[in-house]
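Accompanying notes for the structure given below.
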Amino acid sequence: MSNTYGNKFRVTTYGESHGPAVGAVIDGCPAGVALDMDAIRRQLERRRYGAPRQEGDEVEWLSGLKDGVTLGTPLAFLVRNEDARPDDYARLEHFFRPGHADYTYYIKYGYRDHRGGGRSSARETVCRVVAGAVAQQLMSEVTISTQYSSAGELPADDTVGGTVSCLIEGVPAGLGEPLFGKLNAQLAAAMMSIPSAIGFEMGAGFGAATMKGSEYIDRWSGGVGTENVTLTNHCGGIQGGISNGMPVEFRVAFHPVVSLPQPVECLHKDGHLETLTVGGRHDRYHIARAAVVVEAMAALCLINQL
Amino acid sequence: MSNTYGNKFRVTTYGESHGPAVGAVIDGCPAGVALDMDAIRRQLERRRYGAPRQEGDEVEWLSGLKDGVTLGTPLAFLVRNEDARPDDYARLEHFFRPGHADYTYYIKYGYRDHRGGGRSSARETVCRVVAGAVAQQLMSEVTISTQYSSAGELPADDTVGGTVSCLIEGVPAGLGEPLFGKLNAQLAAAMMSIPSAIGFEMGAGFGAATMKGSEYIDRWSGGVGTENVTLTNHCGGIQGGISNGMPVEFRVAFHPVVSLPQPVECLHKDGHLETLTVGGRHDRYHIARAAVVVEAMAALCLINQL
Amino acid sequence: MSNTYGNKFRVTTYGESHGPAVGAVIDGCPAGVALDMDAIRRQLERRRYGAPRQEGDEVEWLSGLKDGVTLGTPLAFLVRNEDARPDDYARLEHFFRPGHADYTYYIKYGYRDHRGGGRSSARETVCRVVAGAVAQQLMSEVTISTQYSSAGELPADDTVGGTVSCLIEGVPAGLGEPLFGKLNAQLAAAMMSIPSAIGFEMGAGFGAATMKGSEYIDRWSGGVGTENVTLTNHCGGIQGGISNGMPVEFRVAFHPVVSLPQPVECLHKDGHLETLTVGGRHDRYHIARAAVVVEAMAALCLINQL
Amino acid sequence: MSNTYGNKFRVTTYGESHGPAVGAVIDGCPAGVALDMDAIRRQLERRRYGAPRQEGDEVEWLSGLKDGVTLGTPLAFLVRNEDARPDDYARLEHFFRPGHADYTYYIKYGYRDHRGGGRSSARETVCRVVAGAVAQQLMSEVTISTQYSSAGELPADDTVGGTVSCLIEGVPAGLGEPLFGKLNAQLAAAMMSIPSAIGFEMGAGFGAATMKGSEYIDRWSGGVGTENVTLTNHCGGIQGGISNGMPVEFRVAFHPVVSLPQPVECLHKDGHLETLTVGGRHDRYHIARAAVVVEAMAALCLINQL
């Protein structure tokens, strides 16, 4: 089930980074919604910002729409891969790049598509962004926004990590399920499924670990069912796994891009090491693009709770 | 599905903190395993360490065993609640304690069991610990250990948060699934489902956000399929969502216990605030007990990948 | 997942026929329902009618209820096994009875609980009947009734098969899902999961295979959204997998009880055959009891669609 | 989840009969299999035999293949709809044809694609046949064959129903799960999900309802783990829900095509009846084509058990 996200609004994605296309089937979209294709295009543009690979990212809709309005049947779309240059990767066929999923895919599947990461490539996030943009249109009362930060000055010789803070306003109280379906647990899984994500925290997060209880607890503002039910929001809008009506706030840490511009030691299948150029480049916009995927996954997570 | 964890080794828990019993059904345990009941008891004792409520926590097995050996059929057990004192909670019937799930359960279900938290009580972790201890016995090659830290000196007037670091040795390379079933995503969800968990990070975690790529990437040690495939372990033993054979390392942040010993402002259903004593106490062992639940959830997460 | 039925109203059953107890956890029952325990008892009595094994079948509720009213949390119950006589089965330890699941369980699990069938015993239907009786109480507008027929005169020397016809009145139009979640497909799976079930048909069923289209199609009575939308009901109340508001009608065929009173040839693990007495008896009420389980499974199937 | 079939070899289908394309994503196909595209084409040709609508049915593969060999990633394909004639259906926009899913879709979704059935059209079975043909290639030891029968002489004025008998040879003993995952229950659900299916029976089926136990039970041939473990096969190769190594045998009843050539009374949304020509025709090959879909669903059902 690893290529499907969600139970109600189910997104099943497909496509290798260097195959003919990527795409997805969305099962669970209600009928009668006029999709705003421009809004989808805008998110795709934001996702592409400063990307090493420039695609047109034209979305072709295969089903689920009639005159741009959803039919309630599965929405299927594809985005053709235009810029596939498998030749660039030929030299790396028998090598595992450090930091990449090359090695683990090889161990798991006894096989690896060396052409740019296959399913582990960031290319697959196109599908998340399209599906997420559809989901956002179904939740007009909810606003998802992100802010990101990475090293103030990009190092001359390398890539950097960073964090994305996400603020979701308009989340109704009562989303999430007790025990194993907690909203914070589902957000954590959604975020950690994004390539390069390495940490997740709600509200006060790791900072809460050094707080006293009297500092941590969010005091009631007075009033039941109000939007600002507490005076602070250390819990990030979720108590006991269920949203309390306050904005949902969380932060995701991303490690640096692992395709470095400089030569790196690669591991050959036979076990020896060799220093190779793997085709990385200075990438200033890694975290900016990750923020768009954070928004998409936040939308997909939430719509599965409504 | 919120009361069930896992797809292969499925644990369905039941029981309110102040009802007759808590328990679970485990579906997916193989046949022919002689369960070490002492090992289960030891984990329950560690979980109970310094707990405000003292139960005998005697596990009664209802099915799935013959002469202590698993039959391959569902394992069912119950643990009776011995120390239920619903009267203590009568005063709080119409109030929401700050920091607790009282308010969100009320909003979600239009109803709340004011007797000590119901399903949101830490009492339910008994079931996780028993099931986790069973899971650990099925993975003899895997060692799960935790270390925890909280404020060096417990404040005189209050509770504290803390962090639990978990180290899992002996994890075979190849666990986890691409895209949405990544091992790190599943660990994140498992950990964030623990009461009071508020942050999760793999390996270098939030620290990786300020690293350069050249610092972050784990260099190959040379050799394929070895236990120490990299020289460092910033990724926490998982690349592209799949274990690489290195130890799996992560850290979980817990916020302080929200039942404070001093009087706190509670929210009445009619919206007014009132300062009440909610029955909290100085709790030095909150994080020590959480560590046992971290181990249990780590075991349940892993066994569902094997 | 084979011990769990349903997605919304999830019933996870446990217990071997000769272990300490059978029982189930029901996840998904709404809060605030006062359960009619007498109605549950009556169904258990009907299920026990003329049964070879007489149990008290006292239901002990472990969670999910307060003063007989559901809490919205998982309902858990157990029914102790009182009449376990494993000794009766000792002689059969290394033999496979004909017609039973002894052989297939042994091949699948490399192991078999020879004490009366284990999980394959009809004993497990106690749990279905309790859960089904709860489900029926949540659908007061729906009436489920059965009629059964078996050989008019019971043969002096043996057991017989039979059929159960089920009529469900009050089913709202619109239940069931297109493609793979069709209501008829789900009813078929529910019914074929009952021990001894060997055939299933909706409405005109196998008879429809020899009809002309003009005979088969159910003519509209006129009026949209009415209870009697068609003049006939050859489709059994389901069109395109979705209920149309007419009564849902289906029939289930059951093969004869395979525990024969006379000695039968059993297969030894080493491959040789031996004629043994397996403890069967003339059973006049097999189909009468099956009808109660048909009702229970119909209720469980429907409530997962509402 | 109604557009997804299976848990291990998951097929998610999409496409309306009069939209741009139909297709599916198959998640769970192992890597390294050279697909026989001719075998897939042959099944599509058999499915199209005598069909009212003639499509080229060219399969375009979007992902999961490199040089015709599976990558282990999701297999995605589409088949363009070439013969969409929505105009033919314009007259029927506000009418419900008798016997069709028009009415139930309208009631369920408050909306209906009157252009030929949308998702309820037999057009969607293209996807089942492609996916089933892939599945068959992964089970070289299993042979699935069907025989069908319908009215010996086709009535001059109408359509007919019929039955399809399916024989699956080479099924290993041990497939299927106890309780709710019985192989017969899963086959029943798979078959009843096929358009027009109205009855299902294993082995002796409804005939077993009038047998005595001594007639019904399949006698052991002697020998454990052999292919012909019993002398007869009244149970259809499944005991206690688990295959016993004998051929799996079942029969599916199909009602007649409900698009009649002669004018029929249709129900208008406002409730009045009107006699209209709905575009049906004499269809001699309905059951022949259904047999191909039975084979496909049998393959999809089995591969999810292996």
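A few comments on the model shown:
Which chain is which? They are A, B, C and D, in the order written, and residues in each are numbered from 1.
By our rule, a contact is a pair of C-beta atoms (placed from the backbone, for glycine too) under 8 Å apart; a residue touches a chain by one contact, two chains touch by 3 or more.
Quick caveat, the model's predicted, so the values are computed rather than measured.
Shared contact partners of subunit B and subunit C, listed by label: none present.
Chain centres here are Cα means. That of subunit B falls 44 Å from that of subunit D.
Each chain gets a centre from the mean of its Cα atoms; for subunit A and subunit D, those two points are 37 Å apart.
In whole angstrom, the spacing between the mean C-alpha positions of subunit C and subunit D is 25. For subunit D, residues that reach two or more other chains under the stated contact definition are 1-4, 7, 13, 73, 119, 178.
Pairwise, the chains that make contact are A-B, A-D, B-C, C-D.
Subunit D contributes residues 1-5, 7, 13, 96, 98-101, 103-105, 107-108, 119-120, 124, 150-151, 155, 157-163, 173-174, 176-182, 184-193, 195, 197-206, 208-220, 222-225, 229-230, 234-236, 238-245, 253-258, 260, 262, 264-267, 269-273, 280 to its touches with subunit C in the complex. Against subunit C, the residues of subunit B that register as touching in their complex are 1-4, 7, 10, 12-16, 19-23, 25, 27, 31-32, 61-66, 71-76, 78, 109-111, 113, 118-119.
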